[in-house]
Structures are given as C-alpha cells and as structure tokens.
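Across the two complexes that follow, chain A remains constant while its partner is chain B and subsequently chain C.
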Partner chain A sequence: MEITNPSTGSFSVSPLRKSLFAQDILLIGVSFVLMAFFIPLHWVIDFTIFCILVLSFDLLYGYMGRLSFGHVLYYGTGAYMASLVLLHVSRNPFLAIAAGVAAGALLAMVLGFIVLQTDGAPFALINLAFNQIGFWLIASGLQAYTKGEDGLNTTAGTLGFINFSNHPFAFGFFLVCLLLVFVLLKVFTISPYGITVRSIKENEDRVKFLGYNVFYFKWFTFVLSSTLAALPGTLFAVFYGFVAPTIISPFGNTEVIFAVLIGGAGNLYGAIIGGVVYKLMSNYLATNITRWEMLLGILLLIWVFRFRRGLTGYAWEWILRGKRKPAVEV
Partner chain B sequence: MIETLIYGLTIGAILYFFSIGLSITFGTMQIVNFAHGMIYSLGVYLFLTFMALFGKIFPFALVLAIAAMLPISFLIERLVIRRLYGESLDYAIIATYAVLLIGADLIKWIWGAMPQPTSDPLRISLRFLDMNVPLYRLVVFLSAVVLFLALRAFFNRSIIGKIVVAALEDRAGVRGLGLDVNRYFSIVFVIGSGLAVLGGVLYAPIATAEPYMGFHILLVAFAVVIVGGMGNLTGTFFSAFVLGLVIAITARFWSQAADTMVFAVMALVLLKNSLLAAWRRVAKTVMGAG
Partner chain C sequence: MGEGSVDLLEVQGIDVAYGHAKVLHHVSLKLDQGEMVFIVGRNGAGKTTLLQTISGHLKPTAGCILYQGKEVHGQPVEKLARLGIRFVAQDKKVFSNLTVRGNIELASYATGEDLGQAVERLTRLYPKFQDFLGRKAGGLSGGQREILLIGRALVASPRLLLIDEPTEGLAAIVIEDIFRILMEMKQEKVSTFIVEQNLSVVSRLADRVYVMKEGKIIKEMVDPAEIRNTAELESYL
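Now for the complex of A and B:
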C-alpha cells in the first residue's frame, strides 16, 4: 500500500513561472547562439550535448543529494543503443534517439531498484561497480555486437532538411533538446514533487515521518535523471556517427561531477554554466597546458576548501547583496 | 590449478596491504580516501628510482621508499584529510580524488607515461608436482599472513591500537575520555600508507608500474573494503583473499572479466540484506499459497 500525498502528484505551474520560462529559454538560447559566433560550431554542439548530461546529473546530485560515480553508464547505453539501431534496424535518426532513450530508461528502472537500496558512499560505489560492468560488457563482454575497442561506425539517414551531419541543423536540434530538458527539469524542481525530492536531500527520515513513500520519489528521480542522461548519448551517436567504449568509461564521471561543482550544485543554470566552463577549460587548457590534470586537481582542491557554492552560488550572493533581510529579527 | 590458487593468494595479499589504510579511514573518519592510490603509486615510482640509484638491492630500496612516503602521507593527512572530517561525503571524495589526479600527473611529469616493468627479485621457482611456482609469490602471501597477525597484536595489545579500535566503535566516547583521537588517527593513517607502499612495491614485479596504477587498484580495494565491512580489519583480511581468488580464477578462464567479477561480488554483498528480505517475502508468499 503506497502512502502518497495527493498534492505531490501535480506539476502545477503558476502563470508567473510560465513567463519566467520564456526568459530562461531566451537567455540560454541566445547565449548558445552567440557562443557559436566566437568558437567553432562543432565545439558548441559538443557543449550542448555535455550540458544536457550535466543537467541530468544535477537532478540526481544537486537536487536529490545522491552522488553517483556511474552516471555515464546511462549516457553510454543511450549512445550504443542508438548506434545499434542505426546499424541494424533503421537509419531513421529519430527512431535511434527514441530507442536509445528508452534503453537508458529501462536500464535505470531495473538498476534503480538495486542501487537505491544503498546511500552515501555505498551508493556512489555501487553505481561505479555497475558502470564498470557496463564498460566491460561494451569493451569485451558483448564484443560480437559492439565491436569492442574498434567501436561502431554509423550514418544517420537524412529526411529533407533533417540531416544530422549538417552542423547548423544539428546545433539547432540539440539546442532545442537542451532547452526542453531545462524547462522539464525546472518544472520538475519547482513543483511540489521536486520540493519533496529536495527535502529528501535535507533529511530523508523526516520526509518518511511525514508519510511519504520516499523510495518511490527516489526511484522516479533516479529513472528521470538516468533517462535524461541517455538522451545526450543518443545525440552524440547520431551526430558523430561513431561510438567507442571510452564513452561509457567510468572515468567520464569525474568530468560530469566537476562540471556540476564549478557551476554550483542544485542550480540548473549552474549546471549549464559549469558544463560550458568545464568544456572551454578542457578544450583550451588541455591543448595549451601540458600539466592539465594537475591543474584540474589543484582547482578541485581550491573548490572544495574555498569555493563551494560554485560560480552561480557566488553570483547569486552578489546579486542579493544588501537586498536580503534576516528571516527572524532577534 | 595450484598456480591459479597461488596467484590468487598473492593478489589477495597485495589487496590486503593496500586495503588496510583504506578500511581504517573509511571506518574512523567516514572518508572514501582516493588519495591512498596516489600514495601507493608514488611509493612504487620512488622504489624504482631507489632501485636504479642504489644498485638494485630490493629490500633496501623498499625500506627507503616506505620511509620517503611516510612524511608525504603525514602531510596529506594534515592538509587534506583532516580538514575534511565531519564534512559531507562528497567533498571528501572530490578532494581526495583531486590529490589522486595531481599524483598521477606528477608521476607522468617526473617519470614519463611509459609503463616500467620490474623483474622478480628472487628468480627462484619451486618445482612442485610438475608445476612452476615462483617462490616470490609464496613470500608475498606469507608476509601478508605475518602482517595480519602483527596487526592483530597491535590493535589488541598496544595502547595506540586499542584507542583506535575504541574510536572505530565510538569516536565521541573516546574523545570524552580526554584523548586526542585525531593524533592516533594520523599515526594509523601513516602506518596504513606505509603498508600501501609495501603492497605496491611487492606487486611491482608481478605487474608493471604505470602512472594510473593507483586508480585501478583503488576500484578493486573499495570492493574489498565493502565486502569485508568498513573499518572491520579481520573482515578486510578475509575479503582481500576471497576477492584475490575470485580475480585469479576468473582470469584463468576469461582475463578481461576478472575485475567485473569482483564488482559483481561487491554488488551482491551490498545488496545482501535487500536480497534476503526479497527472498523471504517470496518464500513467505509461496509457503502461504501452498
């Protein structure tokens, strides 16, 4: 018997919020288009894909407080499923994207029951374990289908103007995906449902005492987050027409975690800013600075000890400076 | 088959050396210490340098490497780990991961990215029932057993050991007695780091040294710590050997699957309780129906 509060099932959004979405969409859309004038377009496309992945991770880590070391598993699953569909079933790119997302969702539904039995460090590590198993399956276990280290070469079909090897089209399509994911997550996080999820981050036991079925909320959020991680994977597969096991390698998780931290966890703008800043850094610095990993390590240490709230956290504080009044007058 | 068993026990011994420190920081400070992998790999590279400098005397270079790593690990504990105590788990994971990254890059900077093989220091194989068993592997295994007994004595008899065991149980209680728990933790942390270097050096002749060796063993050692129980030192000993055998036996049939099997075992152990509960529910339903 599930105990759920009827009010949590709704995703009601006030008209005020709706006008805010228009602002968000305009702001993010214009920023990405402007970015395309200054840096190569294929980089911006890469950033867009990465930002969707970071957004999905922010839901799990920033909003629900579950640090996973295996988020890339779903990204890689999406990418491989899309490639396999392109290769064996149909060259329709939309079918490949849908199949990849569905595969990620199905995997998350099953694994969600298992991994959510744990919390804290065991949660991070059991996700890592599943990611490692997935990586091994792709790299050698299912070599017959995935071609192991050689990877899969695919070409997505074209339908009129829909052509994913055409950079401007791909950019436009991926940007729309990014905006849709952003709006979806925004609706999700400001709805009563999202507030319950954030309460679980603060104190799971108290939410339980209030009569909520905590496991259901956690499971649904985990599945949503993983499904949204599979989406950029499929976009990657459709755009590049090539996937290799590195896409699902557990080391990829550090990139995602770091991007969320730079921007500020638990903030959707933070995820996008973090994703862009991280990609800019890794693209420029990694080519110009030999000791890139050391620099990354030092930056991470500075972040942990001095700069926890991330870029958006500090920006927000700066904006609110002077405006904030103490909640309780003493 | 005997060769496989001995290989498994050797791997188990190495895993045990490495996992003790990890298990203690896990159990006492609730910190998932990725920096342990950095101490391990840096220790091995220092060992290789000392080998080259001082005429390939294995034990001498080993002792020097451990001695050189002790102050470094002390500094890491002071500057990074201690500041993370009482913080949420994520910050600890990220900060120690940063130390691991810095270590790997430092190694690439100083020694280069090429893997560096080391030869078997004993070069003696025992002929045994038509099989070649390198004596070195037996020595590694036996030294792990000796170390296990020595650590038992240390934790059960010496006052430092007793304080640490008590603090593993109830940190606040020990502090309430007026003892500076942090000081004892830092002693044990340094001991654990020394043992990680020992494990790394003993493993070097079997595997090869490469800058990312710390990442690899860390993943397996986390499995050891989780299977054995965090902060449970006897559990760590047995799980290290069980997982070592799992690796060796899997590798015999399918070498790429070895690590994956370890993670499968870890997943089973983590989910033991929920699986048991689910099984009971199923059994109950079946019994109830029948």
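Now for the complex of A and C:
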C-alpha cells in the first residue's frame, strides 16, 4: 500500500508493518466475533457502525486536534443520500453506499474551505452551525424529499447472497468495512502525511516554518475524516432501512466525542474500545434504568474530569511503567 | 554592497506596529550572501519583532523587504520557508511527541532532502544525537532542543537562516556547543541572521552587527576590530 506525499513522492508500508496490520485485523475481527456470542447480534452490528464513525472522528480530533461539534452532519448526509438512492434510483445497496459516501465527501470538500478558516472553539461552533442547518434542511427545508420527521423507509435489494436484511451477512460486511477503515487510518497516521497532520496538532506555526501548506493538509484530513463518517451512515441506512432526522441531530456529536474520550484520543484502538464501551454503557443503562441519560451523564463527567487520557492512555502507562528511559542528560 | 558580494536580504525603512503601538521605526539593514549578521540590543528593543517580520510572521506597515532582489514582505511564512528562509524561534519548541529523527524527517519531507543525509548532518553537528535519534524530542534539554532546531532548519541547505537568541537561558558548556555549530555554519558560508545577547558569541562570529534601541537601528558595525571590542558593544546595551 502506498500513500503519496506531495513533497517527497511515496511512502511504502514495510513487511513488518504489514504483519502488524495482520495482527490488528485478527485482534479486532476476533474480538467483534466473540462479542457476538455474548450480546445480541444487532447490537454488535450497531457497535460496528458506531465504531467506524468514532474512528473517523478520532482522525479529526485525536490526530489533527480539531474538535468538531458537527461531525454527524456527514454521517447523516451519507445515510440520507443512500436512502434517497435506494428509493429513487436503484435498490442496489452498493450503489447507495457509494452515492452516500460521495455525497459526504463532496459536502466536506466545500464546507472544509469555510470551516477550516477557523480554529479552536470557533471551529467547533461553526461545524455545529452547519450541522444545525443540515438538521433543519432534513427535518423541514427539504421535507418534500426527506419526508421530514416521518423519515424515509427503504429496502436494499438483494444480490445473490448479498442481503443486508440477513444479520450475519450484514455483520460480516460491516466488520470488513471497520477493518478496512482501521487499516486505512493506521497507514495514514504513520505515513509522512499523517506525521505532518499530528505535528499540526502539536504546533501549527512550526509546521509552517518548515514550508508546509498547512491549510492543504488540514483540508485533506477534514475531507477524509468526513468521508469516512459518511460511510457508517450509509451502512446504517442499508441495514435498518429507515432514516429519520435524529440521525443528523447535533446531539449525536456528544456520543462520538464521549466515545473518543473514553477510549483515548489519538489512538485508533482507543476509538474502537471507546465506541464499544460507550455503546455497551448506553445500551445496558437504557435497558435497566429509567432515567439512564442522567446516570450516563454523571459517569461521563467523572470520566472526563478524572480519566482524561482514556482507557488506552492508562493502559499504555501501565504497560510502559518501569520501562521508561532516564531523562536525557545535557 | 561589498565587491563581489550579493545582497541576499535588504530591509528598507520598515515600520511595524502591534495595533496602534509602533514597535519598529524605519528600520533598514542588509545581509550579503554568506554573511553572519548579528542584531544586539536591550530587551524590548524590537529585535525579535524584526526577525518575525523578515520571516513573514508580521507585516510591516511601511517600507519593504527585498530577498534576492524581490519584494517578499507580506508573503506567508510557509511560502518564505519554501523560498529558503528558515526561522528558529526563541522558545525552543520542538515537536515533542516525535522522536529526534522524526523532527528531522518532518523537515526532510517538506524539502525533499534525503532523510539519511539530513540525519547525518545533524549527527555531524552534534555527535551525541547519534544515541538520541530514537528518543522523544520532548525529553531533550533546552540546549539540545536548540541544536535540534538549528539542525532541522539546516535541512536542504536554506538560503537564509534566522535565529532568535540561540544561547538564551543555556549553561556555559552548551553555549560552547552552539558556538561551535554556528562557527561551522560561518565557515560553510551559511547566510545567517542572529539575534543574540551574548556579546562573547557575537564578537567572535559576526561579520556585521546592528545595534537596536527602542525600535531603531542606532549603529552598524562592519569593522572586525570594532566588532571584537566587546566593551564598545556593551556600551550600547
């Protein structure tokens, strides 16, 4: 696999890296399959979709350091575009998925030029504003096409053994998508391009000192992150056959943000662990407690204030304890 | 302009202001190809502001900056960096989450210089880095960070290097390391513009010295005997 760096040509993945990717794929794949033995399969499918969304957000927030309160805009765009294609163009699920992902990418390409003029809190809020506009368009402005609050009911067609109503097939397909997104992001984040993006998070000005066009890097990463957010939206649409404006509601962003914080920002494993833990918490609490949102809120508050590095951050610290090299002498 | 020498940088009567507060007043100076030029002056004289203006961080409100004969004032930092102007800031901030090698890699990706060559230059400048290449740069001492920053700025041989207070806050032994590195750069004719308070370093390295006071150039020294006279230099501070 190769990623092209605009400055230096190409970056190749070494055989060692490839074997590490194989280990990652095995570990994540087996974990999700095992999970399916202990909890309902439709929950695991839901977790898989959510984890792809969290991974995409981690690229933007954990790796590039840009907190967005409008990430689900692209998730919802993917879901609605896939549903509209299924309703009006073709029942081919792959065409719907491709159209949804393309719609998310196109929207991000345009909005990226606007939102990336800002940084910090304004960046978070301008994304929230666009998310709110998207929500209003879906719920009201484009009601003739989206059916407003009633949502869209669709059925993805079947192509031989490809049947998204079949839970084991859907699970297998979504898990492959999750693994592909994981590997893509892993290659991206360790490539020269990804190292530059991580350095932008640490000190944008210093990256400019080296001659990088920082805006280009930020824009590309924003588009990649948003495109990957559209993918789980399309998977949601073809699996559930129903989308409503709640899927694009700005409140959905808090779930993604909390999942990244629980797992540990800037760590792909952390995104997956955070996604699963958040979904487990919200599903079990909702099943057993009436006012579960309040308890979830309290748990998340404790997490954010007390365990800021996330599960993977503390796990690393535990693994590395005693192995740290002494400080460098002058 | 001296015989056979070429003006690499010429600053012509620039004014710089932070809001309504004017910080630089009609500053003019020049740097010939291969020269090592120092700016000295008390705190608040406007030395760092001048360097930040040349490097593209600040825009002058009047006057112009010529680099290789072309006006460059108002150009963004990254464009000036691509033209060969590199800036080493005073704060000694490296990419602390990257290794020492990673810091050099980042510069070599930007310039297209071979990484092995860039790392080799760094370890030649400061052999101790041979053992630290795989360590996080955040764990380096202040002096080592400064050396890493200079080494990083030297990737792909910049045409003009701007260094802000390289020895500030460092122990004497580290200052000698930095002096040695600057001396090597001088011998290799790297065009360098340095803001420095350590007059011992200035007097031993400078081809030309500008003294700044209250946002103005009050003295230009080109005579080696005058530059070596630290007592005279000190009298301006």
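The definition used in the following text is that the second predicted complex is superposed on the first by the 316 of 330 C-alpha atoms of A that agree within 3 Å, B and C clash if a C-alpha of one lies under 4 Å from a C-alpha of the other, contacts with A are read in each partner's own complex, and residues count from 1 in each chain.
FYI, contacts are C-beta pairs under 8 Å (C-beta built on N, C-alpha and C of every residue); 3 or more make two chains touch, one makes a residue touch a chain.
What you see is a predicted model, and the numbers here were worked out from it, not measured in a lab.
Colleague: After the superposition on A, what does A:Ile126 contact: first (chain B), second (chain C), both or neither?
Modeller: first
Colleague: Going by the contact rule set out at the top, does A:Leu300 touch chain B (first), chain C (second), both, or neither?
Modeller: Only chain B is touched by A:Leu300; chain C is not.
Colleague: So, A:Tyr212: does it touch chain B (first), chain C (second), both, or neither?
Modeller: Second partner only, chain C.
Colleague: So which one touches more of the residues on chain A, chain B or chain C?
Modeller: B
Colleague: Going by the contact rule set out at the top, does A:Arg291 touch chain B (first), chain C (second), both, or neither?
Modeller: It touches chain B, and chain C stays clear.
Colleague: Please indicate which partner A:Leu159 is in contact with in the superposed arrangement: first for chain B, second for chain C, both, or neither.
Modeller: Neither partner.
Colleague: Which partner does A:Arg198 reach: the first (chain B), the second (chain C), both, or neither?
Modeller: In the superposition, A:Arg198 contacts chain C only.
Colleague: Output check: A:Thr254 vs chain B and chain C. Expected answer is one of first, second, both, neither. What do you get?
Modeller: In the superposed model, A:Thr254 contacts chain B only, not chain C.
Colleague: Taking the superposition as given, does A:Ser140 touch the first partner, chain B, the second, chain C, both, or neither?
Modeller: first
Colleague: Quick one: which bits of chain C touch chain A in the complex? Just the residue numbers, please.
Modeller: By the definition above, chain C touches chain A via 55, 57, 76-78, 81-82, 86-87, 89, 93, 95-98, 102, 105-112, 132, 135, 139-141, 143-144, 152-153, 171, 173-174.
Colleague: Can you tell me which positions in chain A touch chain B when the two form their complex?
Modeller: Residues of chain A touching chain B: 61, 67, 114, 117-118, 120-122, 124-126, 128-130, 132-133, 136, 139-141, 250-251, 254, 257, 261, 291-294, 296-301, 303-305, 308.
Colleague: Which positions of chain A touch chain C when the two form their complex?
Modeller: So the residues of chain A touching chain C come out as 5, 7-8, 192, 195-196, 198-199, 202-203, 205-214, 325, 327-330.
Colleague: Which of the residues in chain B end up touching chain A in this complex?
Modeller: Interface residues on the chain B side: 26, 30, 32, 80, 83-84, 89-91, 93-95, 97-102, 104-106, 108-109, 215, 219, 222-223, 226, 230, 256-257, 259-260, 263-264, 266-267, 270-271, 273-274.
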